[in-house]
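Please find the structures below.
You will see two complexes here that share chain A, one where it goes with chain B and one where it goes with chain C.
Coming up: the complex of A and B.
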């Protein structure tokens, strides 16, 4: 075997209910290649190191520029996007695993529906269509806009949840990404209309109070979203809300 | 107000867990370690402070309502919540993740320590019927015995350090979860300030242990109006 081949160990799973197993592959090293191109190489020639012909590895990807979040997986033990994981910057052999906190569809492809359901729970949008005209949205000061812009970069990739010790398959924790979106939409003058509903949605089981402040979310966020600051900010909003609920309603 | 829903109850329980850690438990920890550190000044001031506490009216009610019930609530809630934790420090080695893990570990250590601590001080005090001015010499003698062995000293060193850490780090978590400290820099500054709190509490506790270990001194019950300690008059 040529020395400039790359060894890749993949944790595979044939279906949602089947048992995972490991397989090793070897692909030729190409300068500036990323994990996606390696997976494409495996797809072209799906033979393991032992020479066994197998089904090609399944994964998801879309934008290839770290804005869609589809190719999120655990690479060398750390959750990140496959598209921006450059092979020459990784330790070898490379290990690829699906995210462990989401149900596996097949191989490296996971189902992140829970994240989108959570966004629905907290109404992570701004109501513009209603029974009455709410007029034009007010103009935001640029400083405020810049703060919101960073939060809007969230691509629902799931890194923060995969790395979160409070988030697991068997609980209903909403997680950092959802809390940051609550902050984003509550910080919008028109979005504020639904502020109380959003806060009520994060003040239940699996809500903001379940955060354990391990702060791993902010360390692994590929978009550098100030997640811990957002959690504290939503924490402040819910504190005021609970005082209001308890003593002023 | 309507009947509280399951979600609201969950939120209120978590908030109460967070609050009880600060008041009354954290506040009590500070008072307890401060009062005990009087031992470093001398056995007499220490004895007088214990006398003051043991002569409080309705002491058992004060202890039950402000210490035992909140402490048991905080402990069992803590154990229940940490069942949910999926520790991943081995994979994600960040300081905060370490503190998260340590917070849960120290909570368990403090719980075990408190069972021992209460079981060897307050429980014998009640079973032997040592109340009012009788309590201080009895308790002081127990501590003198305790700190004659390295086992006793080490149990207390671990217990005090764990409690101080759990309180200081918990204070930081409290400030974030209640939204008192929000910004990244504010969080860092708060962490610095609270680590100082933790260090001060630990040093106070260790100084007390040191004094007991080096100068074990027995006392006799104070008689109101008359000093009883050595050289008193």
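Coming up: the complex of A and C.
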């Protein structure tokens, strides 16, 4: 770093219907700092490089350890979490933009309700008899548990959808994250019981057949969820389901 | 009237709020679930290590009663015992339930649940799902609540902030004042009861292991409305966190549970790379000072030992406030499998690989044992009467608290992996009592005069308007950092009255400067600044509760370490002596020579200190500050005795 300051360009937008505009900020360089601490510095001194007092930048964050999924944004053209974007590893000046596949609420904060709605569509839960004490859960080999575990780390961050050429604001494509959740629940001994309903949901409009197999989703997933493998697996499950529907219904 | 569904307002969608919502829905109630952000992003996702239940899966002779004993002992006997015992007895069923809900808990070779050891116990009692147990538990509950949302029983109000309880003329809570964080609208919702499951207050310390929304503002708002706040001064410091500018990220206790060793070079200021320092030149101070528990001493003990090594012995790594936490003696495969998630965290945020070099860590604020005072009713047999509407009710009728927001269960210090348990436990346990409360009430909120709700909303419309008109010089975010720095410097691991008094002056100063705040953003859409300013106001009050409580409590108990009042336990003292001492006292005089003289003197000091201080601190709000009083602790099941972790 030549100077002790870093330049950050932020794409701002006052509301869902407003026009975006760019502003440039300068914050002190600190070793090992991340984009979150830069945004916090801007909060503490919300002036642009031109010395203009502006409203602090609005973004979403919570855990700051890449498990809550809140702080996803596009940093230097790449979708990722702001908390793990270490300043000394980024090219400068740094650009920050909101994700483009979700409606902007304000500045870098977007509305990802659609992802949660999709989880409802595919019934991403296990239907239990009740919460009362009826003893142990199913006995499972640890390998099977481990396969589900990697899928269950999905934090609904939206990176995979931002990167996906098939997913857009004006279609209903369910997207890679949702397909992986279908696989997760279908792989559970009790979750399996609702497998058909889940597969029906992914066979409908915006379902798995619309996936163009571009495989970019898996490259951007911060949790290394095996997305393409999951899509293939759920694809096979739907094929079987179609055959079953043909012959037995 | 009986046809009407029971309606509840649950604030917070962490483990406690979601567990409670699920339980209420199962009882056919309707729930409005309110959260700052999508509930799936709640702070509970941060918990890495695990959740305790004495299932005795490894045949070590563990039992819920031993779990209970470890918990009250770990908490230095400041916890109300029937509640703790009930929690420990429910724990196995809770783990099995979470397993049935699909949590990917690690399994044993036979396919049962796998358990590991955590601090403060000698048993393998901690179930875990990889290195993201909190995330996995939260998701399982989130999924169940999503199912009820899909079925229409739950209305989620995410991106909404709880401002205050609606309290009618009889002093009964009838609903909540909410703030839509997008539109800026302020409105009320009514409910048969309101549950605050709003988590901990670690943001009072600026940087901590907590998430950014953990401001404690909701609980403090209840305190400002007259609810009792209890044991505020008991703040747990986690011994092992990774220093950072925006956050002090936790290095889970499971790193120690899986054999992580804490050390510093024997030569102060040694500049060699840790791998070049031979075994003989390393000071494994926890192992040396605590041969039985070793690196797994409870958190308060570990934090103090690290503080001592760094500040008193000046042996911090390269002279800085840091010590090594070393895992490099394990194979890469073993570490990836057992600790993958937390190792990734360290690597991601520092660039160093803990599989090859020891991690550098230092203690950080982690958990608040204190919180809103809540009630309970025991069943007369050392457990809880689950049908009682008193369970988890704050001192405001109809306002309940659960999870980290309440003060029960952990006494003066929480044991690792007991919080996820207490959060889920409270959420589930309080369900039947809430339903009873709704059934018993003589008036439903729909019959409370409208004016009560309108007045409550108007008060907050004015308040936010007033905040938006603040045009002073102070930056609210900067002022928050300063508050945090004051608390970190004066009210952290080692507490001294002179420093605490100074902290109070500094907080007063911050409170005065608060009036001179500049509301940086006055727009109407999705504007977080006014609500942050309001939260800062709460944090200032909360910092006073913590500091005044700490100042007045002239003893050393659990996480509250005041060296001036250390009772100086003799090194060769055995806690069993105290049991004998009590017994002999019970039967009359203590025979001469029954105990070494210094032991006897210590036991007398211990007893006298408990008379003075074994009590719950209660903070009551009045005229801008906390008024402190004390309440007895229910120690009916295990008599308090000295703690010792050899």
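By definition in this document, the second predicted complex is superposed on the first by the 238 of 249 C-alpha atoms of A that agree within 3 Å, B and C clash if a C-alpha of one lies under 4 Å from a C-alpha of the other, contacts with A are read in each partner's own complex, and residues count from 1 in each chain.
In this text, contacts are C-beta pairs under 8 Å (C-beta built on N, C-alpha and C of every residue); 3 or more make two chains touch, one makes a residue touch a chain.
Please read these numbers as outputs of a predicted model, since none were measured by experiment.
Colleague: Between chain B (first) and chain C (second), which does A:226 come into contact with in this model arrangement: first, second, both, or neither?
Modeller: Only chain B is touched by A:226; chain C is not.
Colleague: For A:84, select first, second, both or neither according to whether it touches chain B, chain C, the two together, or no partner.
Modeller: A:84 contacts chain C only, not chain B.
Colleague: Return first, second, both or neither, reflecting whether A:37 touches chain B, chain C, both chains, or no partner chain.
Modeller: After superposition on chain A, A:37 lies in contact with chain C alone.
Colleague: For A:211, is the partner it touches chain B (first), chain C (second), both, or none of the two (neither)?
Modeller: first
Colleague: Applying the touch criterion given at the start, work out whether A:156 contacts chain B, chain C, both or neither, answering first, second, both or neither.
Modeller: The answer is second: A:156 touches chain C but not chain B.
Colleague: A:120 contacts which: chain B (first), chain C (second), both, neither?
Modeller: second
Colleague: Give the label of whichever partner, chain B or chain C, reaches more residues of chain A.
Modeller: C
Colleague: Can you name the residues of chain A that touch chain B in the complex?
Modeller: 77-78, 163, 165-168, 171, 203-205, 207-216, 219-220, 226, 228-229, 231-240, 242, 246, 249
Colleague: Once bound in the complex, which stretches of chain B touch chain A?
Modeller: 1, 5-8, 10-12, 14-15, 18, 84-88, 91-92, 94, 96-97, 99-101, 103, 172-173, 176-184, 187
Colleague: Please output the residues of chain A touching chain C within their complex, sorted ascending.
Modeller: Contacts found on chain A: 14-15, 30, 32-34, 36-37, 40, 43-46, 55-56, 58, 60-70, 83-84, 86, 105-106, 109, 112, 116, 119-120, 123-128, 130-131, 133-142, 145-146, 148-149, 152-153, 155-156, 185, 188, 190-191.
Colleague: Residue numbers of chain C touching chain A in their complex, please.
Modeller: 22-23, 26, 37-38, 40-43, 45-46, 93, 96-97, 99-102, 104-112, 114, 129-130, 132, 135-136, 139-140, 143-144, 146-147, 149-150, 182, 211-213, 244-247, 249-250, 345, 348-351, 428, 475, 477-478, 481, 520-521, 523, 525-529
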